[in-house]
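When the chains are written out, they are named A, B, C and D in that same order, and each has its own residue count from 1.
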Amino acid sequence: MAASKSASMRDAIAELVRDGDTVAIEGFTHLICFAAGHEIIRQRKRDLTLCRLTPDVIYDQMIGAGVARKLVFSWMGNPGVGSLHAIRRVTEGDAPTLELEEYSHFGMVGRYTAGAMKLPFFPLRSYFETDLPRANPRIRPVTSPFGDEVVYAVPPLNPDVTIVHAQRADAAGNTQIWGLPGCQKEAAFAAERVIVVVEELVAEEVIRADPNRTVIPGLVVDAVVVEPFGAHPSYAQGHYDRDNRFYLDWEAVSRDEAALRAWLRDWVYGVADRAGYIDKLGQERVAALRPGPAPSGSVDYGDYRS
Amino acid sequence: MAASKSASMRDAIAELVRDGDTVAIEGFTHLICFAAGHEIIRQRKRDLTLCRLTPDVIYDQMIGAGVARKLVFSWMGNPGVGSLHAIRRVTEGDAPTLELEEYSHFGMVGRYTAGAMKLPFFPLRSYFETDLPRANPRIRPVTSPFGDEVVYAVPPLNPDVTIVHAQRADAAGNTQIWGLPGCQKEAAFAAERVIVVVEELVAEEVIRADPNRTVIPGLVVDAVVVEPFGAHPSYAQGHYDRDNRFYLDWEAVSRDEAALRAWLRDWVYGVADRAGYIDKLGQERVAALRPGPAPSGSVDYGDYRS
Amino acid sequence: MTGVVAGPFTASEMMIVAAARELAGQRVCFVGVGLPNIAVNLAKLTGAPDLELVYEAGVFGARPARLPLSIGDPTIVTRATAVTSMLELFGYYLQGGLIDVGFLGAAQIDRYGNINTTVIGDYATPRTRLPGSGGACEIAIDARQVFVIVRQSRRSFVERIDFRTSPGNVGGPNGARIRREQGWLGAGPSVVVTDLGVYHFDADGEMRLDSIHPGVTLAQVRDSMAWEPRVADRLAETAPPSPDELRLIRDVLDPEGVYTG
Amino acid sequence: MTGVVAGPFTASEMMIVAAARELAGQRVCFVGVGLPNIAVNLAKLTGAPDLELVYEAGVFGARPARLPLSIGDPTIVTRATAVTSMLELFGYYLQGGLIDVGFLGAAQIDRYGNINTTVIGDYATPRTRLPGSGGACEIAIDARQVFVIVRQSRRSFVERIDFRTSPGNVGGPNGARIRREQGWLGAGPSVVVTDLGVYHFDADGEMRLDSIHPGVTLAQVRDSMAWEPRVADRLAETAPPSPDELRLIRDVLDPEGVYTG
């Protein structure tokens, strides 16, 4: 029924991500769209404001490649491993070159939520007696109209583009996720443009068989890109495991600017697309990340026609 | 592992609903727990403050039976049919005896959400240039700390008891719903005590097979009552249809105070429990409400152990 | 659609057809059940094939296997593309600005499209207690435009509504300014479809009769409202339902005549 | 648990065991991965069998089939009782007041339990850029009590932290008053477990050394912090890990010694 939004990653990034845009590639540990990040690097986008609760290895790669002028975040690190050294190099010392705008996790979630709801602010009980409101003047007190209690507020975040990786979508962009949902829904509804990248493009009937599974409706989606393994080295629940070795190895790459440049040359600029990256990674490594089966089971929605 | 919270409806209502309590039986058109409402009537609870976006036939019955002193709501009516005459009788004319506190749908949702999040207020873009803030002084303007925009705010709603009907739960209270989720999650998290009433008690393994389907965690649940068909005449997706004839018939019952008393005598006071109600309704009527099958299909969470 | 007159039709059918035609070119519609539901589905089958429906109960992309009997009908959930919580429906879809057209009914409406669905009489001691806002106050503020479907009478088309549940063009000429200054997402009511005719709004926010339905006289319209209506310079007669429109309503959308009888 | 000494153990094992024992009687715990994860799971197997775990990534009732390698490990999702969005996790679970104990790490901590995980040096031109708050600032404010696990040194136990990411007992004696007046849900830090000992807090909000680990001297403790510590009148020696505790850590919870080696 609805028009297809299928696009190649190249076309989706070329048309929907523009220099200077505010871009959110969301996903809390799960479904982080490295494939889109790499295409943004390959197309040499510039002056982006990157948003994300947890700028991890993908943002270290993107910032190391020079696509960003600013980072909006709540926790930066290589989870379970250590630091993001490419980001540290441009944020430490006397003349940091990357602008930082920093919140807490709930603050970032509140910003996306206010963005999705077109609210001028989102109230929350964080930041009392911390230095965060001093470091970031966009964290401000607000007085409750009931009982004069003071809490803090964060402003809406409305990315120009939100990119979400998911297990599956139909061609109209109706997108289903299982496992950790993070704040992808809020980030997508808040955005001007949305790119969904999926492990699998499925028939509309698959989506319609389980409408509660739909996290993002096609209504807000501009492009659907099919990119199996597009979240590697992060994971896609039921499809593949986190490639922990990659995260461990990143420490050494990230520490050394030359090593980082070589890595980008070999793994991003030097491959045409995600298929090339996976070829290079090798089928053996890919296969080792496949989990055994753990089926959800089926529920009955009931056919109501009489 | 976790202790069982299984209880009979009689015990759950006797122990967890107290005279004078604020009680929310939620469910937007779907999964409205008539069984719990009837038990509250049978136990002659008094002075309740009843909360619900859409006080429909169940609240007409409860208010007609005299359990409530106050109603907090956003839309009262017999959906698709007409008025709730028992409620109208105590809210119209020179000396209404039921106190009303009225919001809009989003206002009620915002109240439960603020309750669940322990926020002193929830901001929203409703109520501009309406008479609602004048009618209800708990709807108040709040000024954004970003740009001085004024929006409205509603206060948190934290019921003493929230009652949720669901398709299934395990004995620890981990509760799964499919079909319309309404605002049951917010109403449950906001409440001091939670009663979950289910069509089916399932093994923990059934819940654990599909954790994304869990709407309310056992963490906030105090009692699990198994009461198949407990949402009749509303519906349980996949289990039974809305019994539209009941809603149509209610018009005449509700209009006539004597007819309402007779109805309560026959269908509530005159039956010992839900099983008695269903016996009285008859297997033929029940069977006619069963839908055909419409399976969701299964997804794979992946078994990650190596 | 053709211009051929299709023989007798009911006032409800005329209202449905008139509303459906107004939906041409619209994209996302917020629906309750009843006349708006049939109008929206008729529009999808005729002039607005790309219309996307968001049901107030929390359903996007419904594909009902039967005519939904109420907004509480499980048939709108099975085989929908998405269902959603009320928080997301009202927060992300409606207040998020995704809805192009919302439908409202009215117990009372004034010349500026302000609507009462709360009480008749005094708020504290009402003569008639009506359902209240539900989502109407949000739809009136957040939907990009609002279509009103209401039967017209001196009791419903009043000089002064008893309670303002849903703001229309507020106080008239200042309405647009108020909406702008307060940052409302919606532009307010754009169409009122009644059993007698179709109204749009002048730039100063007042309702204007643009067409009257076949067989209805201007005197009848005037007798069915409490203020002297503005009438378009070139008052049209609403094109009657075409055979195709009537066939769709009677055979496909409401074969049992639940809403259109 | 027995009092039998189990032979050599690592500092990490001692920290895990000490933290696990403090969890006795607690009900709902907010966990990240690493030492707190193992401590919490050890507590479940020993003194706190009813402990319910809420993982920061959005998992309730995890039943991992292997030791999670990071909070981004799909094994905590498969066969959990519930997964949840970040909005619900931080809004309904944490800020909603359901968490009895939250764990925090620290790059710097002061005598009042205030914690820095943001920067070393000036905020705008830092010597070291640390990860930032993540959920720590929320945990510090909303969890009913906070357990800190941190290795102790003059660089981490400082007189004055460079940035206050997560409030502890704020400025000391006034901390409890501030928390109460501002309506915080949490009572603040109650335990600090280090590689050298275990601290609790006095009524005026200052950290107090209550026990030192086997083989550690008071002089060593004093050398590993920038202020003169309060010491309990009856300073205890932490009971060493029991054979059972060590067996559970080594054979069940971290057989590959990822965190405890």
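We take it that a contact is a pair of C-beta atoms (placed from the backbone, for glycine too) under 8 Å apart; a residue touches a chain by one contact, two chains touch by 3 or more.
Computed from a prediction, not measured in an experiment: that's the story for all the values here.
Visitor: Farthest from subunit C by Cα centre, which chain is it? Let me know.
Guide: D
Visitor: Round to the nearest whole Å and give the separation of the Cα centres of subunit A and subunit C.
Guide: Measuring from centre to centre gives 40 Å for this pair.
Visitor: Roughly how far is subunit B from subunit C, going centre to centre by Cα mean, in whole Å?
Guide: Whole-Å distance between the two chain centres: 29.
Visitor: Can you tell me which residues of subunit B touch two or more of the remaining chains?
Guide: Where subunit B meets two or more other chains at a single residue, that happens at 113, 117-120, 124-125, 149, 179, 181, 185-186, 209, 212, 237, 241, 291, 294, 301-305.
Visitor: Quick one: which residues in subunit D touch 2 or more of the other chains?
Guide: 59, 73-74, 77-79, 83-84, 91, 95, 183, 185
Visitor: Quick check of your reading of the touch definition: is the inter-chain graph here a line, ring, star, complete or other?
Guide: other
Visitor: Please list, in label order, each pair of chains that touches.
Guide: So, checking each combination of chains, I get A-B, A-C, A-D, B-C, B-D as the touching pairs.
Visitor: List the residues on subunit B that touch subunit C in their complex, please.
Guide: That would be residues 28-30, 53-54, 73-77, 79-80, 87-88, 91-96, 102-106, 109, 113, 124-132, 135, 149-150, 179-183, 185-186, 234-235, 237, 241-242, 244, 247, 291, 294 of subunit B.
Visitor: Touching subunit B in the complex: which residues of subunit A?
Guide: Residues of subunit A touching subunit B: 117-125, 138, 140-147, 149, 151, 153, 155, 167, 176, 178-179, 181, 206, 209-210, 212-213, 237-239, 241, 291-305.
Visitor: Give the list of subunit D residues in touch with subunit A in this complex.
Guide: 33-34, 56-59, 69-74, 77-79, 83-87, 90-91, 94-95, 118, 123-129, 131-138, 141-142, 163-167, 170, 178, 182-185
Visitor: For subunit A, which residues count as touching subunit C in their complex?
Guide: 2, 113, 116-120, 170, 172, 174, 185-186, 189, 204, 207-209, 211-212, 214, 217-220, 301-306
Visitor: Tell me, which parts of subunit C touch subunit A in their complex?
Guide: 28, 50, 52, 54, 59-61, 63, 65-66, 73-75, 77-84, 88, 91-93, 95-98, 183, 185
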